[in-house]
Each structure stands twice: as C-alpha cells, then as structure tokens.
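Following this message is one structure expressed as structure tokens.
Lettered A, B, C and D in written order, each chain numbered from 1.
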Amino acid sequence: MISAGTTAAAADDRRYVLSLGCPDSTGIVARISEFLSDLGGWIVEAAYHADPNSGWFFTRQAIRASSVDLSAYELRERFAEVAAELGPETEWTLHDSGTPKRIVLVVSKDGHCLHDLLGRAAQGELPAQITAVIGNHRDLEPVVRAHGIAFHHVPFPKAGTDPEARAAAFAEVRDLVDAHDPHAVVLARFMQVLPAELCEHWAGRAINIHHSFLPSFAGARPYHQAFARGVKLIGATCHYVTADLDAGPIIEQDVTRIDHTYTTRDMVRQGRDIEKLVLARGLRWHLEDRVLVHDHKTVVFS
Amino acid sequence: MISAGTTAAAADDRRYVLSLGCPDSTGIVARISEFLSDLGGWIVEAAYHADPNSGWFFTRQAIRASSVDLSAYELRERFAEVAAELGPETEWTLHDSGTPKRIVLVVSKDGHCLHDLLGRAAQGELPAQITAVIGNHRDLEPVVRAHGIAFHHVPFPKAGTDPEARAAAFAEVRDLVDAHDPHAVVLARFMQVLPAELCEHWAGRAINIHHSFLPSFAGARPYHQAFARGVKLIGATCHYVTADLDAGPIIEQDVTRIDHTYTTRDMVRQGRDIEKLVLARGLRWHLEDRVLVHDHKTVVFS
Amino acid sequence: MISAGTTAAAADDRRYVLSLGCPDSTGIVARISEFLSDLGGWIVEAAYHADPNSGWFFTRQAIRASSVDLSAYELRERFAEVAAELGPETEWTLHDSGTPKRIVLVVSKDGHCLHDLLGRAAQGELPAQITAVIGNHRDLEPVVRAHGIAFHHVPFPKAGTDPEARAAAFAEVRDLVDAHDPHAVVLARFMQVLPAELCEHWAGRAINIHHSFLPSFAGARPYHQAFARGVKLIGATCHYVTADLDAGPIIEQDVTRIDHTYTTRDMVRQGRDIEKLVLARGLRWHLEDRVLVHDHKTVVFS
Amino acid sequence: MISAGTTAAAADDRRYVLSLGCPDSTGIVARISEFLSDLGGWIVEAAYHADPNSGWFFTRQAIRASSVDLSAYELRERFAEVAAELGPETEWTLHDSGTPKRIVLVVSKDGHCLHDLLGRAAQGELPAQITAVIGNHRDLEPVVRAHGIAFHHVPFPKAGTDPEARAAAFAEVRDLVDAHDPHAVVLARFMQVLPAELCEHWAGRAINIHHSFLPSFAGARPYHQAFARGVKLIGATCHYVTADLDAGPIIEQDVTRIDHTYTTRDMVRQGRDIEKLVLARGLRWHLEDRVLVHDHKTVVFS
C-alpha cells in the first residue's frame, strides 16, 4: 500500500458544514445565525447567495465542531426545526467533516484522471476515501491495487452491440457502486453513456469530466471537433451526470491555450492537464458541500 | 463633452453598503443580521471573512435601500450602536450607492490607464465620477477636456532637483485634489514618488498601479528588470500608496505571458493591457467598498 | 484632435514582411532563405508551419528594410519568381511596414471596443491609421471627432423591416468603406448581420468580435445564453466575417471567469474587457500579416 | 510494474532534432536549410530567434528521420562542418528522438511532483524514461517501486549540521545519478541546497521546481512569504540549477489566483497543482531540446 494519507480532517479542524437552499425572504440570515449563535457556534466560513432570477437563497456555513456541545446528529435534529420554518421546499445537509466521505471511481483505459486522484488521495488532499475503482478494462488495475484500493473488472460489450449484456454490465456496476454507498461516483473518463435510470439513481452524486468546454463539442471526440473548428483554446467541464448527455449542471470548467501547431494528439496530451485540474477541483468542492444545485445550474461556494 | 454616463445606480438598484472589520467573536453575524432583519432590510449581497491569523472578522453587506424605511444618515446613526457593541477597534462605513463617489486622477505622459478609465466612465461602468485630472505634463489634456472633465497642469522639476519647487508642486497637487474631497486619488502612471506626508494624508484613498507583479521588480523600470531576469510572465499590481515605496497593501494583481522574443518595448505594450485591467478592477472594488485593509493586507470581497 | 500617434514604424524599424502559404514540399525554406540571403536580407523574425493535415506550408518573415537595396515594389517583383516556383496555388503578400495601413471601423451604440481602439491609436500602438468610423447611431460620434477622425452616420431600419432601405444602407456603408480601401474593416460591435455579398466583397479583411467563446453561443444575446447554461467562464472570439454567421475562421479567443453571482448585466460588463483584448490582439496580428487563412482555419504567427 | 508506457516515439514519428545557438549574421537560415534540403530532409518543425540584445541567433529544427538517408551519427558528422562555418562560439546538439533519454529524480517527502511525473511516464507522455529515483527519506519508496523503478535511499543530516556527513551524502547522490548518465536530473521538491560543485557538474541538466513566482520569494518557505506580503497570485518556477540559489535561468513559470481566505496550508495545496504543471512543461521542453540557454536566460521554442 502506497500511503496512508490523512483523509479525515485533524481533530481541531473538525467542522460541521451546513448547506442550504430555500426560497428567499427577509430574515433568513438572521434566523440561521441566531440559531448558531445561541448554541455558541463559532463560524469559520460563511457564504451566502441570493439569486434574483430564481428567487432562491443559498448558504453554506462551516462551524468549528468543538464550539458546540452537540453531536452532528443532535445538531441536525435541532436545525430541522429552523429549516421547517424556511418552507417546505427547503433543502439542506449538515455534514460532520470528522466522518470521512467515500468515493467510487469508474474508469476505462485512459489513466490520467485516475493517476491524479490516486496521487491526491495518497497526499491526503481529498476530503474523502477512494473505496473502490471499477473498470471495463484491466489496464489500470495494477496501479489501483498498488494504492491498496479494490479494483473490480466489469467488461462491457461495445456500444450499440448486445444490449442485454450491456444492461447486465451496468447492473453489475450499479451493485458494486451501491455496496459502498458513496458520496461521489466519479466517471473518470469512463467513456460509456450511463442509462437514464442510473443517472436518475445517482442524481446529484454522479460526476463526469468531459474533455471540452461545454456546451461546445458535446458528445464523442471533442478534441477532433475542436481541431476541425480551429478554436484557440481547449477546455474541460466537470458536471453532474443527467440523462441528457453532457448537459448536466456544470460544477467547474477551465481552458488552456493551443495554436495552429497542435495536432489532435497534442490536444489530447495538453487537454489531460486541464481535465485533471477541473475534475479535482469540482470533486473537492462537491465533497466539501460547496456545490448547491438549483434549476439545472450550480451555486459553488469555492 | 463625449458622454454623460450613468455614474449613479438606477433607483431600484440603490443599495446601502455596510463594510465592517472588528475583532472576531461568537455572535457577530447574528447581531448584524438581526439588526438588519428587524428593519426589514433585504440583503442582496453578503460576504464574511474570519481571519484565524489576525483574529479579526470582516463583513460586507449590501441592502436594497428601498427595503428599509430609513435614510443612509439614519441607518448610520442606528448602526453606530451595534458597532459600539462590537468593540472600540471596530471600523465600519455605510455608503448609499445613490450618492455618487468622486475620483481624481493624477497622470503624467503615458495615457493608457487614463484612456481606459475615461472610456469606462463614458460607458457608465465606474461607480463614481471622475471630477478632475491633474497632470505634470500637458500631453493628455485634450482627451480629458474632450470628456468634459477639468484638467490641471502642475509642472514638476525632475526628481532629485530643486526640492523646494518639487515640494511646492506637491502642495499644489494636494490642494487641487483636496478641493474635490475624492473617495479615490488614482496615480494612473504618475511616475513621481509621493512625499510621506501626502501618503499619510491620503491613506486608504490613494491608489497606485505599479507595472510589475510585486514584490518582484519594485521601483524604477520594472519591465527592464523583468527583461534582465528572463521571467516568463509579466504583471501589474494595484495597491494602496504608503510611505514605503511599492510596499502598500495589494488590492489586485494579474499577469500576462511573454516569451524570449519580447523586447522591453514589447513588454511595455503588452503590459499596458494588464495595467489597465488591474487598475480598473482594483479601483471598482475600492469604490464599491469591497476592499478592507487590516495589518497591511487586504480583504477583497469581489 | 487628441493625439497624433506614431502609426508608422520608426525608420530603423522599417521592415519588409513576407507572408506565404503553399503546398508543402522539401526545400521551400532553403529556396526562400537563399533568395533573401542573396539580397543581403537581415531576417529579424522568421516563423514556419508545416501542416500535416492539409499538406500546406506557411511562413512569415520580417526583413530589416535597410538591409536590402530594393524598394518593396522591386522586392515584390523579384520574389514573384520564387513564388511561381512554389506552384500555382501559392498565396503571398509582401508589405512595407513603412507604409501605414488603413482601418475603417463600423459601430453601433456600444462604445467599449471603439474607445479601446481609439485609445490604442492615440498611443501609437496600432500598426495602422483609423481613417473613418461609420455608425448606425450617432451616440459615438463625439468621441470619434474628438480624436480627429471622420464619422459617417448611416441609419439602419430594424432587422426584418424594410429590406430595401436596409439594402440601401448597406450599399452606403460599402461605398463609405471602400472609399478608404482599408486593410481591415472592423465590425466593432456593429450588431447587424452583413449581407452575403458584402462578406464576399470584404473577404479576408472584414473582422468581427463576437461576445462568446465560439462555437458556443453563436447568434443573438450570447451572454443570456451563457447565463441560461450556467457556464463558469465567458469569452469572446475575433474572427473573419463570412456569409456563415459567426462561423468564419477564428483569429483569437479568450475567456474570463465568472460565478453564480453574475447576472447577465455583470457578464456584459466583465465580458467587455475580454472583447476589447481579443479584438485588439486579433486586429494587430491581422495588420502585421501574422494571420494566414487556409481551409477555414487560421495560422497565427503571433 | 504499473505500466510499460511508450517513451520512445513511434517509428514514423522519429525525428532528428537540431538545436543551435551562434552569433547572428546574414545567411545562417539559408546555410542550414540548404544543408538539410540537399539531404532531402523533410522539416516538420522549424523555429528561429534572433536576439537583438545579445546579437545571437537560435534555431531548433525537427527533421523526419526517414526523409534523410543517414544515421544520427552520420548527420552529426556532416553538420559539424556547417556549424564550424558559423563560428567557434557555436553550440549545437542533434538528437535522434528514437533514442530515449533518461531522467533521474531526486526527492524528499513531498510526493506531488513525483506522483505527477510517474503518472505521465506511465501514460507514455514523457519523451524519456525515469531510470531511478533518489530520496533522502523512504516515504516515497513504495510508489516508485510499484512503477518498476529503482529507488535509492540516501539519508541527509539536517542542513547546518555535520557538514562532513552532508558532503558524503551529496557524493553518494552524485555517484548514483551519474551511474545513469541522465539527460535531466530533476530536483522534484528535494528541499536541499546543492553544493556549488554539483551545480557546476550537472550544469544545464539539473532542473529545479521552486514554489514561487521568482524572483519573488526565493529561498525558504515561499508560501509563508507570500502569505505575509498578501499577494493575490501564487506561482511556481522551473529553472536550471546554478550555484546562485533560485537564480538560475528560468525555463517556465505560471501562477494561480488566491484570495484573503487562503491560509498557507491552502496555498501549499493549491500551489502543488501549479508546481506539477510548471515542472512537467519545463521538463518536457528540456527533453525535447526546446530550451537553449544564453546569457543566463532561456530561449524556449515551445
């Protein structure tokens, strides 16, 4: 096993993280901060966003766990009353950073995102543990095992062939993933289109990295599309997976400059660096409860 | 006169903007939000920062003016009591965005930052009026007058010569500036080192744009220094002016890529674009009360 | 008049600039460099590109004019023989940087690109003179005249109404532009779709700035499209105008980061800075013969 | 062993790469291109730079190996005559991309650059083989061995203590490195200052990654220095190692944006991403003979 890492925050860094979205109205900030203040809660991070378009309010607050005399469970019970006052549409989570989250990665042959995330995990940089990797090829199995992580091989028939075998393979992936009840299912260049029901089943937890600056060049072979159009920058997009291909809520995007000398092979090479960065950032924000989804768009309290 | 511009926000966009810094403790967010909530204040923007190093707390909140039944004057009077509770070190301002702020620019011969700011003012992009421009040369007078803005010419003897005449020139600049009681005194490539007493007099209001990524290449001819060192990026820094040359609190910085083909003349040309952007961003944030200074560093709620 | 500027290069900087594209084969570099060497030509810049996809070869070379004992006219006559050897498809230009080029700008109401280019011209930063500005509104006339540049007002009926009057307006614009025989016709946020025959007539000279990172968000209201999709970066694209709307060869693109707090109005404001930069860079490269078009894509020797 | 990788270029991609610097004069391009043309050499990449400051000329040319009927050895022999004509100061190399280069990495405890380079090597992305890793701690040994690469542990006494033991440790590192005769000795966050004689011995081959945007924050704890100054961007610099600490010729630099919320720990985490990218880019350019050093500065034909 390569490295233990420190995936959970150190004790003095332990935080309760509240993320909430609800219809906007006067007094929400006051209500929440009064609640926390009454418990002696020491707020170490607080972010707010009122969206004039949707009329929704969003907040994320991180409280030093040691400042309140309650377990996360008790705090959740208490806060539920506040949330109820904010209306029935209110959505919220309250996470204890001392309880590490779990990630399952789904990969194919291309290893750059996998190598990158394994390296970050080994450095203790991810606020979660990679509990398993599932691949439709065995190419990446050795490096995964070298990191002391389970690897499951699920072969897939080619897209467009043998729909029953494909359905069975997806069912096996689903079961393997669900066995870990992960907070994030990361399609790290998996290259297979998930069936709609899996998108639905993992809604809000399945994260994809697409190798273009969406909405440009959705679908197959985006670098070839970029080459054909003659763009001067290429990019990558980290987004939640929905049944609508490459159209889910965008978490993070970035670009890198290219020029006329770049072949598609050069783009593939240079694009990897952006894919790795964009996925790593988006995944970290997701795991730290910094991403709130509403109306098919994200609020990211990065 | 080139353009009227709309320097004050439209009526429905009018906001009361509160900026505050104080020693951190539990309950500050609750205290302020309760105060605003009791007045029916509709918070459209709220940002918080607790600095674990200095132990200080910072916030900026923008309230829709029409949501509270008070003038800015009255709101200030009421809020003073809250501020007092937060301790004697507390510093705060409360600005009415309906009252346009004033800028005085001080320039020399190089016009790119001046052209840029005049263009932005003409577009109604600056949350302030440029009320006067002072130059130690007459080169830029025509364009200033074309925009319907007063230009004052104050000739300066060369640095290192005739200290009395220089002191008199600085005194004249000081009087011309102070006549407008500006919220920002912008040294838009003025190229003269302000005497310590002027730095002190305009503390927190005098803004400089330095053509390097500080702390690299402080002082004279930064592009020549950059050329000599062979750096691969050049930059610009917008900072508050202090008696310590190019060492004041940094508001904003940015860089642009160069390569071995760049002569210093090329750097000067390309650097201008970064200088303009960095100054424009830093100045806007300053005018919108997004910049709080503590311990020689800035908190920027951009 | 605001400023004379120095639009033509200083005498010792005068260069002959050769740009050439032809089918690739062995020995082209040798043939051209031998030709220049025999004349004693001092090459100060040389760039080459062999495109394996199209099988074309491209080069741009800048020769110190004083190093060869020929006028640009004579050099062109001599070089024509070399070009002929490279095949009938060969396309080339040879420009004397001592002969300033001409730009005509076509604008509407939005002035940021115009202000920016006027400022650059006043600084002597553009390798060309702005000889006229044509606008379908009078809003920007004063600033243009303040710079000592002719402004022509050509009113346009709304798109979709009165096709004859629109055709007449376009004909008038065409005549006004053509009277200057410009090297660049810049649509600086003109907001009117050129008729196909005008695109054809100004092919390779008409340059547009589109306020999105194409191919995303072509057509109308790109910032509104970007807002709806929830992208995390917005951009701008400088391209040659073709009859295919927003699909011409891309000269330059860039992006700027936004987040969930940006309204479309914020995007419009911040996007302007990218539009200005991208247009200014693309225009300069075009005027310096750094942009070669082949197969609907550009080679940019920046 | 994790992955074989393809470190040498595929047969049809095999190139002879010529890099050359010499005093500038008329006719150099013609001389070299005539030489290559006479051999039937198909130039797939060609870059030139004439530096008006130093009066030097630089070029890099990549020729399809299959287009010339000579081995790299023979081509070198022939080209030596051309080089001789260009003067005694001329420096040049001619590398056969079919002969893989060798890298030795020297590390300490911090593994991000190591993980990154191992991942790139496993992907076949580096134009070289990592033949050994030397560490003054054993922390990174397992991951190195998992990739099938030799790891040598050389303990170092603390800086400032036991100079003899330190000298012995450096001597051991030197021998271990030299046994591989590597084209690049990469200090991948080694954190020990090399003695002057080792800098000299590995001149032009020893590459360091420094975690600041030099010349700012040279020396120890650059992120702490950056925090203290309150800069708005942090960076990394890849440079050749010289006896002058952090002052060697810069190969590549880049930066990433931070803000007032960043602790030094946050900077360390985010800075890693820039360190990895900057080192990977600089190392690749070095290995592809794209970096020419003259007068303490680099020409990078990237």
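FYI, contacts are C-beta pairs under 8 Å (C-beta built on N, C-alpha and C of every residue); 3 or more make two chains touch, one makes a residue touch a chain.
Quantities reported herein were computed from a predicted structural model and do not represent experimental measurements.
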Chain whose Cα centroid lies at the greatest distance from that of subunit A: C
Gap in Å, rounded to a whole number, between the CA centres of subunit B and subunit A: 38
Computed distance of Cα centres, subunit C from subunit A, in Å: 42
Touching two or more other chains - residues of subunit B: 45, 52, 261
Overall pattern in which the protein chains touch one another (line/ring/star/complete/other): complete
Interfacial residue positions of subunit D with respect to subunit B in the complex: 49, 51-53, 213-217, 229-233, 235, 249-250, 252-255, 259-261, 263, 296-300, 302
Parts of subunit A lying in touch with subunit B, wherever the complex brings them together: 26-27, 29-31, 33-34, 36-37, 40-48, 50, 52, 67
Residues of subunit A that touch subunit D when the two form their complex: 1-3, 45, 111-112, 115-116, 118-119, 122-123, 125, 139, 142-143, 146, 261, 269, 272-273, 277, 280
